[in-house]
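Take a look at the structures below.
Consider the two complexes below, in which subunit A is the common component and subunit B and subunit C are the respective partners.
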Partner chain A sequence: MQFNSYSYLLLLIPATALFWALPVPWRRWYVLAMSILYYATWNAAFVAVPLALALGVHLAARLLIAQPERGRRWFWSGVALVLAIFGFFRYRLFLLANINHLLAAFGARPMSVAWQIAVPLGISFYSFEAISYLIDAKQGRIKKSRFSDLYLFIMFWPHLMAGPIVRFRELGPQLDFARPFELRMLLRGLDRLVWGLVQKNLFANPLGSWVDQGFLHNAVRNNSTVDSWALAVAFGLQIYFDFAAYSNMAIGVAQLIGIVLPENFRFPYHAQSPADFWNRWHMTLSRWIRDYLFFPVTARFRGSPGALYASLLVVMALVGLWHGAGWGFVAWGVLHGAYLVLYRVWESLGETRLAAVTKSRLAAWGWRIFTLTAVTAAWVPFRTATGADAAHMLAGMFGRFRFGFSYPMDFYLLVLLMALFCVVEPFLAESWTRAENTIAALRGGLLAHSYLLRPAIYACGLLLFLIFDDRSTQFIYFQF
Partner chain B sequence: MKRAVSSIVVVAATLVCLSGLFALQPFARMSDGLDRVFSALPAWTQVANMFRDPTTQEVSRGDSPIDSFRTLSASWAAHSGAVRVMLMGNSQSLMTSLAPGESPPSGPEKTYPDHIADRYRQAGSQKLFYRLSAGGMSYQEMLWYAMYLSGRQDIKPDVLLVQLNYQNFVNGGIRGGMLALLSDSDFRHKVEAIVQRNGADADAFAEALHTFDRFQNRSGPATTSAGQTLGYRMETGFRRQLDRIPGFNSRGAIKASFVLLMTQCRVYFLHLKSARARTLTGSRIAASRAALADLAEVCGQSGIRVILFEAPTNPAVPLYLTPDDDRQYHEFTRSVASRFGLKILDFEHSIPAGEWGMSLNVPDPLHLGREGHRRLAGLMCAALDQNGV
Partner chain C sequence: MLNPNQVRKAAQEVVAEMIGKKVGDADYLISSGLIDSLSILKLIGNLENRLSVTIPAGDLQPDDFESVDFITDTVLRVARSR
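After this line comes the complex of A and B, so read on.
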């Protein structure tokens, strides 16, 4: 069941009502049961994977807490277990394909796998959460590991499939579900849910149908420079709206049962620098990488810029690989790593005589434009099927100029419209909040706002969601 | 209790508003309002009540061709020995946009393929005519159909009339409704062969296979295992129940009115017309050209006689940006015809400007008026007779 499926949305209403009707001690078991059921609707067999992972991590965490002198060993055992399960499902075919490539180069016979096993949904997300649990335990933030807490933390259905990637210290304390019901909370949850539905069906999906066609092998070979840029922008917008939609729905649904999940996006295409982009895009992943990978690396290589920059590239390559088992994702990560290195070098100039230049308005605008362009270009290897296609498309965008419009005008107008929306999105969000506050401050405004204006807006959003519904589409980040 | 009531009120109010919006058809109203503000021609000039006959038309317009083919098979089986003529084209063969001066429709309006089918029927000739068209039909879709028909003796035409239209070369891909044909294993093998050959038209077919398989797996993402999952079955059940709610099925019509509203905004406010003179370049053209050549080849191999016809174009709406575009396009269509020994019927300049409709206050680039359809039917019948059809 996808978040934007009719069955999910219609079952959500009684499921939420029942949640609030239950006595507080029962709620966690109810949510756990709902979460397992939700996961089973995709594939019942895969319920065993997060269960096995949680059991292994729980055991490692218990031993780690009980035997602090051997903590390091248990910690790494737990991490190795998570990575082994994650790697087995996620990367074995990728690894095999690359080994076969090498074997073929030496004229050897290729290897094959005995059976095909699909990748359990959400494994990239809950694997990272399991590792963060171990890190929190190692750092003494978890005093006692309880299996039911850990299992519920991993399985909690709103964030199970595609995040936000949560830390135990954020979610764990909320999992007693003791928060009393508030109408305001319900309305905030519905706001996010409905907005997510609109973002997915009205914004992301229409772009997706053009992107799917434009990134096909032969299309990439024949696209003009304008087409290639329009397609790269279209994909950048599609993936943003798609993933932001999912995150909004996850946050909204969690809020319906009184749980606050961290934000995942903050107008990423308004980033002022490559570093700022990662403070705005998939923020919970960035935070995970920063805290658990990048900060330890920085601390290790303090005073050695070359090693630091190299490690930054490696970290970002791993971020790319996390997204998918393919060299295109690695290339995307390395490109972002290169942008970050470039920006760090620039920042380091601020400590020299060039400080005035680096802090000028012109430089700030230059970085803004560079970030937008560079991020857009980096989507190309992320989306194309092969490295050769990516190289061809990037060459068309930056060097081998060819004029022409291969697609109907509607496509270019749609991209333009969506891009414009992205530009004004923060201002719209701000105006909406201001308008809400103004209405609420009026006499009887709060009542009218809650029971008239909001339902009317939800109905408009639901209408758009329903008329643009396309059952065959899925969330992009479900693949990761 | 008070809290429970407040939540119920919010949900109930939302559902009431939603029902109201379904009943109100807001986009259609806004669209009508814009038409009034910009003094557009009355809505009845864009004829909604088109003639419908499942024995001579693929009535789903690409959304569910399997059902239509079932009807066609039964219909043609009752007329064994007759010559089967089929026409494939875009919305020009489906729709009527009444020309200025033409009277409002008094009943279902017929298009030129309907007139041809009538003539054949009235003459008692041993010829059957069928229209296999869809709005914005791409050449990959025409090839898709041709490959399917060539493997089905019961619905295989003897003569296939293929519409040539310059702007149509920019359309691409296979629409969702046509993917169901892939459940025929012979047809699927043919599609896979096209994909393996990796010509310019292979992408659309590969994408179609991918989409079909993903949808067949019913598990959503391709990363999960195959087979119908619990989630899929639940969703299907819910959708079936929801579709029984009166008005819920009007989602398609509301979407169409929303799209029309967007188009109106584009034309009225930005002055960007739907069709304008342009040079066609890039991937779509390469794929369309390859698909047309493949179609000729597939039909040739399976004994279907293909006749290409240049669709009429509105003299008031130039489609070619430069004389070179015009020359290159015709050179290409002629080269396909000569390579496969096909006949081209040229109706490009056959319909005078006064017999074309108007769309959003500008001359319609594609759709004929009532008289235009009649004229084209007459010309086409005569041309077919001359060519021994």
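After this line comes the complex of A and C, so read on.
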């Protein structure tokens, strides 16, 4: 069931009402049941996957807490179990395809799989959350492992499919659902939900139909330089609006039942450097990588720039691989790793006699432009079907110039319009907050919480959602 | 045995040196963008030198160094557990 499907949205109303009508002790079981049902709507058999994963992780966490002298062993057993389940579903075919390439090179017969199995939705997200649970338990941040807490932490339906990737210490304490009903919180949840629906249908989907067409193998071969740049920008915008829409809806739905989830985006295309981009793009994944992978690894190699740069490249390659089993995703990660290394080298020059140059306004603008261009270029291998297509498209963008417009003018205007929206988005958000504060400051019961304004805005938003509705379009990050 | 006041003072000085100004003990350093995750490693190294302790950064998280208050608690906790 999609977040933007009519059935989901219609079920959400009675589901939320019933949640608040229930006594507090019942709520967690109700939310767990709803979460399992929600996951089962995709594939009932796959409900067993997060259940098995949670059981294994719970057992490992209990043992490592109870037997600290053997903690290391239980910790790595738990991590190995999560990675085995994750790897089996996610990378089995990728690994096999690469082994077959090697076998073919040596003239051997290729292997085949006995049966095809789909990838359980959200497995990349809940596997990372399960690993973070084990690390937190090992570091003494979780004193006691309770299966129902862990299972609910993993299954909590608003973030189950595509995040935000939450740490147990953020969500765990909220899972008693004891927070009293607050109209303000409910309204904020509705704001985010409606805005997410608008972002998905009005912004992401129209771009998506052009992107699908422009990234086809034959189209890639015939695209001009202008087309390639427009398509790369279009995909960068589509994936941002699509994932931000999902994140807004997840955060909004959680707020409807009084749960606060962390933010996932902060105007990423306003980044001032490659490092800043990762402080703004998929922030909960960046945080996970920083806390559970990059920080512990770099901490062990303190003082060695070579090791730091190598770990940046490896970690970012893994981030790419996390997105999907394909070399295009790895290339995307490695490119981002290379941008980060380049920026770190530049930053280290700030500690030499070149400090004045590195801190100049010109350098700051240079990094802004570089970041925007480099991030856009990196989307190419992420989206193209093959490495050859990516190379062809990048060559057209950066060297083999050919001018012309292969698509109707509507496409270029749409990309321009969406890009302009991205430019003004932070200012719009600020104005919205200011307007809200002004209205809230006005005396008078009705106006105090903008009760009059909100229904009108929701009606407009939902109208736009319905007009631009295309129910066949899935969220991009659901496949990761 | 480390003295809490001594640790706090060292944390205040190291943070002020790194960001070029004094901050409140409860002010957030990482989420406010004053310090990034790589600078935390430098901060840990400076603290180790000043206090002559070993901080096992590999078993900690950047959140443990989010403010002077957090740094003080973390260093004391680590010192106690050794």
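One rule holds in what follows: the second predicted complex is superposed on the first by the 474 of 480 C-alpha atoms of A that agree within 3 Å, B and C clash if a C-alpha of one lies under 4 Å from a C-alpha of the other, contacts with A are read in each partner's own complex, and residues count from 1 in each chain.
By definition in this document, contacts are C-beta pairs under 8 Å (C-beta built on N, C-alpha and C of every residue); 3 or more make two chains touch, one makes a residue touch a chain.
These numbers come from a predicted model, not from an experiment.
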Clash or fit, subunit B versus subunit C on superposed subunit A: fit
Contacts of A:275 with subunit B and subunit C, given as first, second, both or neither: second
Angular separation of subunit B and subunit C about subunit A, which is computed from CA centres of the superposed model and rounded to the nearest 10 °: 160
Partner chain(s) touched by A:43 [first = subunit B, second = subunit C, both, neither]: first
First, second, both or neither for A:458, with subunit B first and subunit C second: first
Comparison of subunit B and subunit C by subunit A residues contacted: B
First, second, both or neither for A:386, with subunit B first and subunit C second: neither
Shortest CA-CA distance between subunit B and subunit C [superposed frame, angstrom]: 34
Residues on subunit A lying within both footprints (that of subunit B and that of subunit C): none
Sites on subunit B touched by subunit A in the complex: 3-4, 6-7, 9-11, 13-18, 20-22, 26, 170-173, 176, 198, 200-204, 206-207, 211, 214-215, 219-225, 229-231, 234-235, 237-239, 242, 251-252, 254-255, 258, 266, 272, 274, 276, 278-287
Touching residues (chain side subunit C, partner subunit A) in the complex: 33, 36-38, 40-41, 44-45, 57-63
Parts of subunit A lying in touch with subunit C, wherever the complex brings them together: 138-139, 275, 279, 290-292, 294-296, 298-300, 302-303, 308, 344
Interface residues, subunit A side, partner subunit B - complex: 1-2, 5-7, 10, 13, 17, 20, 40-46, 117-121, 181-183, 186-187, 190, 212-214, 216-224, 227, 402, 404-409, 413, 450-452, 454-456, 458-460, 462-464, 466-469, 471-472, 474, 478-479
